[in-house]
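In the two complexes that follow, subunit A is the common piece, with subunit B as its partner first and subunit C second.
Up next is the complex of A and B:
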């Protein structure tokens, strides 16, 4: 089938291409983010590694109810509950394997006391694999901003 | 000794000193320019892709070539176990040395008057001029083929084979595209060609535009730059002929590629855009006659201005090389061969005939060599260019595989004694 020259001509296509690349060449807008100096603007519901909320006296807010390990789809939360003299439940062991985590955010949604949060943190490189299992102390020590939950009154987060 | 006499008349030690100074200055400038061309290439590729490009080393990334050079020196030299060591080491040298020394015959500014005499701004104004360049650029292919063969790697070998086939094919078109220039200038020295363009008051790009176009395309193929970079074809051949090279030997191939590009750009500027000639200004129209300088008086500021003119033209062609590289995709192998042998070669031959006829007609009409002569040639050339581009626009081989496949099917059917098969059934939405 013989198509019209306008759609098959190598010369014309090349000239169009040269014009296009030249427009981009002189265009002042560049997409590069100069990373360590410039940071990306994260969305309010952007989900990164976890953070455990802390009471004013330094205790974790977690009441070891067991909802987050139950709902976790990737089974990455290990929780061993304990009880003190007054009958308050607290986590004896609370570990999150960040390698297994799929960052769905369901633990944060299900938490009745707003203790476990997803956080806005992405600089989490480590030298060993063991360091990716975050224990309770580490989760409490995290200080990056926490992820906002989905608001039904503002579905598009505006 | 009068300051308008060429310094070559001095002879002896002063001449030797001036030549050594010129060689060192030109060599260092070429090497430095090549280093910064690698940076420019990365900038242009980045800008075309809406990125920023190198900007970390020094102000605005200007010291990037130094960092690259340092890195290349301290990297490990690797020798493939099965490689032929002698040729493996020879190949980068054979690539780089011809690429570096071709610049010697290119005049880069108008003659400079000094107290010792007139210094022409060219390392060696050889009487064979452009033939020297053609001879040396064809040596460049040996380095590439040798690298491909001695690496003992099938991809390198394929790259080397492609390089040899491609460079030999396009050398023919390159040489033939230059014949009209020689015919019009009546000279093969580059200084002679520049002075003839000044005497015509018209750059040869106008009367010989078709040859100019063919020369640009053939230069792209000779420099192995996209769309003719089949010898290194990253997607198919890893890196082609230099896949096994590391550290400074790899850098030598890069220096060879970029200095080839620089020489080709300078050559295009010299042959077709008047070299160091400044357009629309008569003050720089000077050339060496048998009895010293003819035309305008040389001056140091004219040397500077004309050098600026030469550098601008060369930089434009270097930019064109890079601009095309980051726009046009690679040709298929059969397209390269088709373009070289069935398009470029006949066109170059036809244009030689056309130019020869025009020169003969104009000479027998008694038109003196000058602006009118050039304009008459320009008119003929415009007709030739329109015809050439009209045909090339309808050429199906570089347009896409479809027309080519149909022609192959027809040829095969003929060979089997069958009738021509019906056209391919149209697909829905085709």
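Up next is the complex of A and C:
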């Protein structure tokens, strides 16, 4: 590339850059949060670990239809259907391996009874790997807010 | 899409199309056009069957090829040019020069509104319905129905009804096609079901307290129900049908040789369903065969899979399956060995026994290929007795509507095949006895598959060599010199010969334990060490070997058997069959 020799100086660009630096010194643009005192504002569609919706009498809403293990792209849901004492189909075993999960949210989208939800929770640290396989009791005990499937202000995602 | 199973079905020397194209149509056929496809069929053929031949699918509920057609579901209405009203394709016979339009606006509109009527009272509980995925109402509505129903009336609600036996009835889902009623009347010969009430209150019901309990054929109504109204108690909530792996096979629970599909999930059998074969079982199978699958699962404990042994396949599996070849060493202890070691040692011991002969006791639950090579091994050693033991039922139960089908007295899958290879049935009707009378002193005792449950403490102790091929060591552990793990019929490819003498193929449906091998493979390798014959590399070549050894199997090959099977000693009939 040909540069116009002798007609430009680095001085102007340097001053420009230094001005920006000093501006940030006196009026900082903060990106670091003072976690855990400060918490981030999550988007309505932000997806974290799952939560199972529960009926008023404490039973899971899940009817063990098998659509979430079918749609799950990472094959992280293990489901064994059975029949409860009232003759209703329910999950005898419902486990989600949160390590395998890719948090795509398709299980929530496919669920015909709105039982399984993605949740707005990110504090998932555990001491053992086994603890990351969430069973039905644990999924029902989760009480964090659930993810919205779409943004109510922008339903068509535009 | 290339489907290997379809390729198997059409396997045969002459493709079906070639035979129909060549000769000019005889006088008793008619030609018509269905959706622009010209088709020539015998006189009296119904439009729905002619359409099948023409490759045009006509949706239907009440019509079933194995039953009479009442033309009451109105789903198969098609336009026939020149006729003022739409015609039900399941009862209208084809006429010469007829032009049938299944995709005209009138036919389409009729189907769409028909489906809307069916959904007026249908609960749409597909997520919890066992039929979802193979439901005709679901399929056709998805293909041609309205996306939303317009009915604002409340739906009819009925309770679940226990029909007795293995069948449950969900009245809400029922579309009153009456296939089940007609099956019980026409095929099972037991008028146990009827439609009660009228109009939208109609339901299928049994007579008072008299249900389907004790009917040998009743579970077929679960298969033919086009929706999820009739449910199998055995399969209830067990698996979603799209999760099942399906493999064609032969029912081993009696010598009728019903064609079945083994449907498995996570290497456990979830259910058996009949496969159509007009020469053997039509579209049906008996309940004893249908629910007698627990023993296929023996030893296959799922580890680290999605399966749960307590709910899928019925009950926890007994363990103790032979995991690897066992050889008795000089100190008299059974020791695990590699296949190479075991076969080498076995060939050495067999060579020493040459000329002394022996006894072969083969379970009739094993394939023709397995038994044939066991017989050959005995022959190479100098001959001797070929025996099998099998269970016999007290009586034969014939299917009233299809007399060729029966629950046979001989309860072993392959008794006829063994007889054709010179095996003799010994023991009593419970499949026991006759072991103590065997004289094997100084000779080879070859046991294939028989569990020897009633054998004495010293059974086989005096034998020159006691070789046991099976899945469970059982009683053989006491005295056998070699215990070699072999696969079940459900884990390997092979053939059974049914009572009629029909040789039929089956395919592997389950994954065997890692070191188990088909018996024909083990025996083939051992034979290769004893005589100048290469070990068969596949079940197909083992079967060809069988044809060289036994005249009854001569002229048959896997390609000729296809998916329908062929009779022993009958290559002429075979050629005609494969062209049908």
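Annotations for the structure displayed:
Rule of thumb we're sticking to: the second predicted complex is superposed on the first by the 135 of 158 C-alpha atoms of A that agree within 3 Å, B and C clash if a C-alpha of one lies under 4 Å from a C-alpha of the other, contacts with A are read in each partner's own complex, and residues count from 1 in each chain.
Throughout what follows, contacts are C-beta pairs under 8 Å (C-beta built on N, C-alpha and C of every residue); 3 or more make two chains touch, one makes a residue touch a chain.
Please read these numbers as outputs of a predicted model, since none were measured by experiment.
Once the two complexes are overlaid on the shared chain, A:24 sits against subunit B while remaining clear of subunit C.
Once chain A of one complex is fitted onto chain A of the other, the partner contacts of A:156 are absent, as it touches neither subunit B nor subunit C.
In the superposition on chain A, A:125 contacts neither subunit B nor subunit C. Of the two partner chains, subunit B is the only one touched by A:8; subunit C is not. When both complexes are overlaid on chain A, the residue A:80 reaches subunit C alone and has no touch with subunit B. Of the two partner chains placed by superposition, A:56 touches none, neither subunit B nor subunit C.
Contacts of A:65 after superposition: subunit C is touched, whereas subunit B is not reached.
When the two structures are aligned on the shared chain, A:113 is found in touch with subunit C, with no touch to subunit B. Taking subunit A as the reference, the larger set of touched residues comes from B, when subunit B and subunit C are compared.
In the superposition on chain A, none of the residues of subunit A is touched both by subunit B in one structure and by subunit C in the other.
Here subunit B touches subunit A in the complex through residues 44, 47-52, 323-324, 326-328, 389, 392-396, 398-400, 402-403, 423-424, 426, 430, going by the rule given at the top. The touching residues of subunit A, counted against subunit C in their complex, run 63-67, 69-70, 78-83, 87, 89, 92-93, 112-113. Interface residues of subunit C, counted against subunit A in their complex, comprise 126-128, 132, 160, 236-238, 240, 242-243, 306, 308, 311-312. Against subunit B, in their complex, subunit A makes its touches with residues 1-3, 5, 8-12, 14, 17-18, 20-22, 24-27, 29-32, 34.
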